[in-house]
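The structure appears below as structure tokens.
Note that the chains take the letters A, B, C and D in the order they are written out, and that residue 1 is the start of every chain.
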Amino acid sequence: MTSFPDPDGVVPLLRRGTVMVVVMAPGATPEDVARVVARVEAAGGETFVSTGVSRTIIGLVGDVDAFWQLDLRALPGVAAVHRISDPYKLVSRQHHPERSTVWVGSGERRVPLGPGRFTLIAGPCAVESAEQALEAAHIARSAGASLLRAGAWKQRTSPYAFPGLGVTGLEILARAGEATGMPVVTEVVDPRDVPVAAEHADMLQVGSASMASVGLLQAVAETGRPVLLERGHTATVEEWLMAAEHIAQRGNLDIVLCERGIRTFEPTTRTTPDLVAVPVAQAASHLPVVVDPSHAAGRRDLVVPLARAAIAVGADGVAVDVHPHPEDALCHGPQALHGAELRELARAVRRLPAALGRQDTPAAYPRS
Amino acid sequence: MTSFPDPDGVVPLLRRGTVMVVVMAPGATPEDVARVVARVEAAGGETFVSTGVSRTIIGLVGDVDAFWQLDLRALPGVAAVHRISDPYKLVSRQHHPERSTVWVGSGERRVPLGPGRFTLIAGPCAVESAEQALEAAHIARSAGASLLRAGAWKQRTSPYAFPGLGVTGLEILARAGEATGMPVVTEVVDPRDVPVAAEHADMLQVGSASMASVGLLQAVAETGRPVLLERGHTATVEEWLMAAEHIAQRGNLDIVLCERGIRTFEPTTRTTPDLVAVPVAQAASHLPVVVDPSHAAGRRDLVVPLARAAIAVGADGVAVDVHPHPEDALCHGPQALHGAELRELARAVRRLPAALGRQDTPAAYPRS
Amino acid sequence: MTSFPDPDGVVPLLRRGTVMVVVMAPGATPEDVARVVARVEAAGGETFVSTGVSRTIIGLVGDVDAFWQLDLRALPGVAAVHRISDPYKLVSRQHHPERSTVWVGSGERRVPLGPGRFTLIAGPCAVESAEQALEAAHIARSAGASLLRAGAWKQRTSPYAFPGLGVTGLEILARAGEATGMPVVTEVVDPRDVPVAAEHADMLQVGSASMASVGLLQAVAETGRPVLLERGHTATVEEWLMAAEHIAQRGNLDIVLCERGIRTFEPTTRTTPDLVAVPVAQAASHLPVVVDPSHAAGRRDLVVPLARAAIAVGADGVAVDVHPHPEDALCHGPQALHGAELRELARAVRRLPAALGRQDTPAAYPRS
Amino acid sequence: MTSFPDPDGVVPLLRRGTVMVVVMAPGATPEDVARVVARVEAAGGETFVSTGVSRTIIGLVGDVDAFWQLDLRALPGVAAVHRISDPYKLVSRQHHPERSTVWVGSGERRVPLGPGRFTLIAGPCAVESAEQALEAAHIARSAGASLLRAGAWKQRTSPYAFPGLGVTGLEILARAGEATGMPVVTEVVDPRDVPVAAEHADMLQVGSASMASVGLLQAVAETGRPVLLERGHTATVEEWLMAAEHIAQRGNLDIVLCERGIRTFEPTTRTTPDLVAVPVAQAASHLPVVVDPSHAAGRRDLVVPLARAAIAVGADGVAVDVHPHPEDALCHGPQALHGAELRELARAVRRLPAALGRQDTPAAYPRS
């Protein structure tokens, strides 16, 4: 074993925990190596160079984000750059090993999402009318939900599809939440709508199509409301956590991650629900992780099996669409649960977390 | 409602259940339409034409596979061709609504895979020695497995990786199965090895990299042995069922489908386990469906959560890698279970199927 | 040939050119069929029913978008719904067979993008300073560019990356465009910034991460400025055209589509440039289509080969990053061209369109 | 700059050019580090350890493939393992910087594929009859082809599709090649057919569905015939090169890589042609790279634009389907060129390589 000596005090620098490895190409010249070293040192970093004949490797010590900005890959003679440390910090479990619990709502209507619990979020995809919203809220409640979710603005692929009721929808949703004793969650799609949404809703959702919209992430963060952050259809887990980092960076750490399917080549379902992302994200981040099987699959017959699987894989909650009359729904009717499926879901929510050894009872049970 | 009249006896033809719809392009000429009609009729089909000014639609009645061969999309004026019926038949649930049970092994060692049951398949990724195989078989047994799986030939990406022990491995595996009372499953990767594999193994596995290798599918089918058919990393559910149809077509319907992850953009895990494919495949086909969480994730810490999720989503079984000394494994050590994870798996296998209302006890329990 | 009779005047309805086919499941009841018919008719549509024993098919005539809202897949007994007509209209080539030319800029600085031409768009990824922007503009001009592109706001994955200079950047960019005689293009990422961007820029870019952000698409449309619409990393060509339809619907048809790579499993390049999407989009839509090889590949050595391929596949233009000192760039330095590559690009831009028989000379040549 | 001292002679070991970096997890113990070191040293490697408080990094020197076998990721305390050197060797350009030329055929009919040239490969997807094959060969020749390709065995998704004529097809193909003065290429799908195919064909093709079938790769390698190795639909460039390494390892370096589209989420075309893979593969490997636009797109109208783009991106050749009567083709008729498209292709093949500065004239021109 060839121990790495430390005559120049490298070890203390390593304590900062941020390192990068630059691999030089076989034909790189000493000047190429010197250029990398110079740029890193100009940026306040330290380097250690391991020179062979066919390859030279340079280890970087210091602020990995500053180094990343240097775009060292662009320099002549650089073959590859490996980042060793995570690109996110505030949401990383590395520096915050305990998993977090996020509380939504206030006063009597205060609901936790986090480890050792299971929380059901339910409601209609879109608010359509006061009657529909209230009826759906009762259905959600009786299935075991403790958080009510519905959309006032919808991000639709087609300009000819129902866009939502806007502020009117927010008001209806808030009343339905009060009437059924549940805090409410609603999606925002435009930063200009965030202030009014934060007035009416207890939690703001950033949808998959907006996950990378920095302006929206910042606007949402600044309200101080808890955020339900959907994973983009094409986002890696790392990019999802980077989006969360954008929120955290503005001082808001009340973030719940929501997996809702990734885009793959398989055409049968709307997206491919990536359930393994739940334990992967929980290992990388201290934030709670829930799954939305309704939007992921887009087909009612798959929602209950997926909800069961989400519970079994360790999700901290599940978010589903319910509707009093799915066949009349203005948005995503084919995925809304009703009747028999709803009862099956309620049964799974009641029994499965316990069978899997979750110690807390779900917050979602009726409290009386 | 404009009813479709039947002066020419179209309805009886529709009983064959095979139809296709040809959509003509806006500028298609009457000659273009006539050409489609002529080709279909030359192939023994019937057509019904619905002519508008901007669009003409042609419905085809008869043998959809013969029509598909015609490549009607290639004809001038054709905008799109929609196939209405499934491209697979023997494995389709459409004509065989009852889900099937496949029996593996003979005599005392006869194990069912199918509805109402849960079956654990376990063993080392590769047979390395008689001691390792026997030890792994005992581990598998004590975790609740009723089928022993291990590889004698490995399909490796690198030519510098361990390729397996070949026939020697088969013999070792067969003895380990006998000693522990389990039928054995092994993968074949070359049609030339199929006869000898069928002599020693109770079930033959076709791996994901070979799923589309018609020669191998046919060779395996002809042995009459039950087949464990892994989904290709890039195969749609429909293509997976078409691969099963290749086997079924040769008279062998003892096929168990095995989901083991699809390739996506997400780099964290080796592949993305597609758990929703389990209920999707079970709805489309009568064949049993199992999940291999070890190969799908490639990481030990994710195997037990995924196995739980597979049970919860309704899989008829789970196949996992176990190894007496994963750190010494010659193949995929990082995914093999041992110690604590193995005990967790055994617990999940024992309790979860029952908690989910599976009526039969798993065949997988130690028989005393 | 069984002709489809028209006693009830179906043919005139088909002139509206919008149809959908509903395939009922094998076991669907007459009530299931009647329910579909009733819903369609309640929505103002007409139906024609073709009843077989194992299958019934229902053709719908009328407004396909209204039908799509009905979510007929949600109804009992429905197996599949096939849409026959395109979901987009204003940007479709079906109703507008001539390909469009979009003009950017005004007065002396007015540049066309469209068929029979080739246009080079170039500039630095981000505006960093007045000097850098002006120097990059001169480089772009000498490589044959006629449009100058640079970012004032950047949509960055990491909150720790350079976010752009904002309004100051816009002002610098406008001056650099004036000094070099080129109209300017800049990306907007937040609807709140759109008005000020439209004051300074001749064309607004919607980036891939924002392609599905309806609020941003609407805000951009309403400025009346031409729009450079990047394809989302995970968007199908159809979804890309639907995003364009969102803009067109607000009365702005001056849209140029920009292909810049899709996300796949291949890790070598940042994304996979989807060059076949150029002729596919040109066949489906009358809008011009350009390619951005710099962002698609993320590697300087691949930019020129890709630019050549984009010209050869028929792109109406190419957009590339240039930078006076790529090694000091604050954004995506490794993809910016300089020196030898830049000269190669200029050569390709000068010769290749002509060699491929483009009849017009590029608008991009220096005007003397 | 902290230089890495070499008291123990590490530098000479680095000359072997194979290194790996093991990153330990923050909480890793000294025992965890020692375990990694011990395993590597037991495998004949050397280690250098850089110990910080929050992170320890271990550099490995020696045989990277042996280290890879150790599955160090499986050891306690290991966070990540980065491989620095390429996993392939014989096909790598690292040790063989000159690009290779592969010669196909013998005597008069000897055709080169490689740098500085452009070679057109053409023929019918499947041999259907002596007449069809000969007619297609003449069409191919007149379009500028110098290699004739046609299939005797087809790897079809459906068991109900045309499987090819087998040995009869080989004989027909060989005669058509002789009659038109072109060496012939044919696909093999089963290792049992390789010997007879090698008797009749000058080059053997391994298709995308078989790219990972090690038995087939080995059987093909052993014939000594040049191999046309298609990239799997889901294979990364690295995996494609690893498949080539399987062939090279058996002593056969006459390998031509063929890009024919990768599977993505985009449904418009059969696959997404990955043209940037051409310069990527040419930079990583010394082997020639060609593109098959017919199978990649699956649509005739896209073949010529793609062929042009392939030439422009730097492909060493293009392989296309031609057929005397595409509307009667038994296999993939919609992608076969004829008439106007064929003339366009011939024109592109004649002019474009020269316009791009290829110095050699294509081997593909008629020699008389």
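Everything below uses one rule, namely that a contact is a pair of C-beta atoms (placed from the backbone, for glycine too) under 8 Å apart; a residue touches a chain by one contact, two chains touch by 3 or more.
Going by UniProt, the chains are A, B, C, D = 3-deoxy-7-phosphoheptulonate synthase.
In this text, all values refer to a predicted model and were calculated from it rather than measured experimentally.
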item: Chain pair repeating A-D, as identified from C-D, B-C or A-B when over half of the contact pairs by residue number coincide; value: B-C
item: Approximate Å spacing (C-alpha centroids) for the pair chain A, chain B; value: 32
item: Euclidean distance of C-alpha centroids - chain A vs chain C, Å; value: 28
item: Overlap residues in chain A, where contacts from two or more other chains coincide; value: 234, 263-265, 267
item: Overall pattern in which the protein chains touch one another (line/ring/star/complete/other); value: complete
item: Complex contact set, residues of chain D against chain C; value: 234, 236-238, 262, 264-269, 272-280, 283, 296-297, 301-302, 305-306, 308-314, 351-352, 355-356
item: Residue ranges of chain D in contact with chain B within the complex; value: 39, 65, 68-69, 71, 73-75, 87, 155-163, 189-193, 209-210, 212-216, 232-234, 239, 242, 245-246, 249, 263, 300, 326-327, 329-330, 332-334, 336
item: Residues of chain B that touch chain C when the two form their complex; value: 1-5, 8, 10-11, 13-17, 19, 21, 23, 26, 37, 41, 46-55, 57, 59, 80, 82, 84-85, 94, 263-265, 267
